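In what follows, a single structure is set out as structure tokens and then discussed.
So that you can tell them apart, the chains are marked A, B, C and D in the order they are listed, and the count of residues begins at 1 in each.
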Amino acid sequence: MSVKQWLYVQLVPEARASGISRLNLFIVAIVLASFLFLALETEPTLNTDPRWMRAFDVFNITVLGIFAVEYVARLWVAGLDPQFKGIGGRVKYVTRFYSIADLLAFAPELVVMALGGGGSLLVLRVLRLARLVKIARFVPAFDALGAALRRSSSQLLTSLAVALTLVYVAAVLLYFVEGVGGEHQEQFASIPRAIWWAVATLTTVGYGDVYPVTPLGRFFSAIIAIAGIGVVALPAGVFASAFSDELRERRERGPNP
Amino acid sequence: MSVKQWLYVQLVPEARASGISRLNLFIVAIVLASFLFLALETEPTLNTDPRWMRAFDVFNITVLGIFAVEYVARLWVAGLDPQFKGIGGRVKYVTRFYSIADLLAFAPELVVMALGGGGSLLVLRVLRLARLVKIARFVPAFDALGAALRRSSSQLLTSLAVALTLVYVAAVLLYFVEGVGGEHQEQFASIPRAIWWAVATLTTVGYGDVYPVTPLGRFFSAIIAIAGIGVVALPAGVFASAFSDELRERRERGPNP
Amino acid sequence: MSVKQWLYVQLVPEARASGISRLNLFIVAIVLASFLFLALETEPTLNTDPRWMRAFDVFNITVLGIFAVEYVARLWVAGLDPQFKGIGGRVKYVTRFYSIADLLAFAPELVVMALGGGGSLLVLRVLRLARLVKIARFVPAFDALGAALRRSSSQLLTSLAVALTLVYVAAVLLYFVEGVGGEHQEQFASIPRAIWWAVATLTTVGYGDVYPVTPLGRFFSAIIAIAGIGVVALPAGVFASAFSDELRERRERGPNP
Amino acid sequence: MSVKQWLYVQLVPEARASGISRLNLFIVAIVLASFLFLALETEPTLNTDPRWMRAFDVFNITVLGIFAVEYVARLWVAGLDPQFKGIGGRVKYVTRFYSIADLLAFAPELVVMALGGGGSLLVLRVLRLARLVKIARFVPAFDALGAALRRSSSQLLTSLAVALTLVYVAAVLLYFVEGVGGEHQEQFASIPRAIWWAVATLTTVGYGDVYPVTPLGRFFSAIIAIAGIGVVALPAGVFASAFSDELRERRERGPNP
């Protein structure tokens, strides 16, 4: 087996019957670590410390290098797949969704860095979210998500319409009771502000930054909460159950039917 | 095909086998936009700005005009339906629930505006919620809501009775522990106030404006929370499941059986 | 039909094939009103106002009178049921759970009032909760609750054990991270206090009176929240589903099998 | 029946067809009481009071003694089981997971106490959590937990990946809207801090220590809350349903198949 063939089996998930190769597992680990570092890099207590900043720089350059090498290697071995053979095949390969995400995951930052930019521009760092696609390839759930959305789309739309109507009507009601009448609370002084309250209440998040204070407002609020919680949870429940059905069906069909 | 016939097919949903016509889609979009504007209009940071106020006025007059034209057009083409033919048919048409809602959606505001009133009277703006009925006609879920209520009514009533009993008993208990005894908290100083706490806790909203502070109050509160959350969520769950069953059955029966 | 027979059919639910008689509906309404008044009576802004106090007194005396008359009437007509005939039967009738609750619902307060006591003693008012039993007789759900508890008892106990273990272990963990170490937060200074946090978090109530502030505490807290919410909701879910199954089975069996 | 045989039947759960012996019930009660005391011992308002401290000391020494006697007794009667007969059998017995937990539940504290240490060292008290294993032996649910984890592992992993991705992406979004832009809120000043908000919101705990204040932040937050709550509840739901299935199957199989 040539190096190219070995790399092909290591890099291309479709070349394996099941499971994930060691090289791809390593890439997944790098991506997860890069998300951890992306988070830490934004923390003021760390990114003002020269030692941490140095660690971030070393890590980022290493990761960009690994992804660049990975990209070139994937491009090289892609030729072993008949549909990506030759120049035409490679063009087809490079313009795939997955390949574009692979490129966005390192190229822009590398280019800016090479041009002398700090490589720490915020907008460039957001592009690192494209690395999610790198993992998505190995987690079957990521395309099960799409399938679940499609299979429940009509039910989802109707239940979403009902939930949003309830949020809107609840907000209008409390706007009149607490904002226009009542104690003229700042937080209920307009319908958009009351919508913020309605979402926080009906999803049961209840931050506590907004709540009715008049007896009448509390009375309506209590009725809305008891009656409405199930309705607002409906779209999420419909989607969760479609997703769960999709995963079960896939498991029953076996890994690669 | 005459203009009247074309308008009939465009305006009357029953004239189509399935889907929604372009004209009706436009009307739905107008209604949604009018709800967005109704919300924005109440926002103090916008409705004190002359440019926004002008935008609101232009939008409102346009929408009222569109709905007036729509109403007249619907009245005109209704004659193509045998049951609404002639004067008697039109009287029958005009007194339908849908037609009354269509009229309330624009007429009162238009009349007040014509008489020189600002058209911005609060109570008149609330009548715009009647426009929800305009959309309801095109979302099958809105009458599935009613069917779900009917099919689960007895289960719903019993589970609601149990939930409300739990809320009441929990409130009485905490009223004695925190309001009468304990730290004499203002927030637990009466049963109605304790009911507000019980609803916020048992629906898990938990704003944080009221909570027990004595060890005994926290002890009972913890037991009530762990044991009672499922019970208070019961009515919402019963309704959600009836609604979901109703939607699934309708989908299985096909669009127009 | 004699007055006694008419009263028997009106008062004893078992004498009817289904539904509820007008007299019993009136009694249910009185009980519900008395719960509303019991709540209002404790409200400081009302019970310091002489007019409201007078209204409360008039209402309470009226209700006590109605329940006294009802009790005597039930005792009289009970003789039409063979098992409660004669003196021996009446003794058996009077010592039933339902009859004792009926007596507790008015007698102690009436006696204290007759002896010149204010009738507003707190402990006496709590006895009014016995009136719940009066309604329970007409809501099939109240004994479905007991049946649901029995049918799911073993599942309920195991899931409760798992939930409480999780609450305890989460509390011990956060006690060490936030109370002993960390910022030495008052609110996490002992395991019982940390249990209060754990219950508020794992039931998703989240009042906001207690929350971790150190990065480590937030890290563990986030893991506990994501992993544990389903586990703590398990007992409530098990009971809710048993209750819902019980209600459905009863409906399928018909009203009076 | 010799004392050894009687003790064997009392101590070893496998020696009984079903249920739990009186001696083991007593040990479970002691363990539960020791968890209650472990909690109370950490409470500053109690552990600074000499009388409570004395009560804690007496209780702890008693419990340690009981567990020491129990350990020796279990070791003695273990010989009646052929696989633990003789010296070799006892070595096998002593190195079992359950026996190690039994030893950790009292030995370290007893040794430190004998050496003159106060026995109240924090780290030693944590070892008392090993006593959970003592109860786990009698609650079938504790090993049903492991079985539920195994049976749903692949579904659990995928749904967890989706949930964590949603938490991360929501945090990145709000970090930009509220932390970088907006009001430059301290609480959203880095991605890790925004993750704390995302977990509190998407699990619906909503402490209220962090929430968006800008209109744009609230807009995204509302969408994330309505759309995401079901997704983040998915892993917990998957596990809860696997646990519930496992319990039902075990019940259907009978106690000791």
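FYI, a residue touches a chain if its C-beta (ideal position, glycine included) is under 8 Å from a C-beta of that chain, and two chains touch if they have at least 3 such contacts.
What you see is a predicted model; the values in this text were computed from it and never measured.
Steps from subunit B to subunit D, minimised over paths through touching chains, total 1. Among the other chains, C has the CA centre that is most remote from the centre of subunit A. One of C-D, A-C or B-D repeats the interface of A-D: more than half of the contact pairs, counted by residue number, are shared by C-D. The distance from the centre of subunit A to the centre of subunit C, with each centre set as the mean of the Cα atoms, comes to 44 Å.
With centres defined as mean CA coordinates, subunit B is found 32 Å away from subunit A. Within subunit D, residues 192, 195, 204-208, 233, 237-238 each touch two or more of the remaining chains. Taken in their complex, subunit C has these residues touching subunit A: 204, 206-208. Considering their complex, residues 35, 38-40, 42-44, 122, 126, 129, 132, 135, 139-142, 144-145, 160, 163-164, 167, 192, 195-196, 199-200, 203-209, 232-233, 235-240, 243-244, 247-248, 251 of subunit B touch subunit A. Of all residues in subunit A, only 154-155, 158-159, 161-162, 165, 168-169, 171-172, 175-176, 179-180, 189-193, 195, 201, 204-208, 211, 215, 218, 221-222, 225-231, 233-234, 237-238 touch subunit B in the complex they form.
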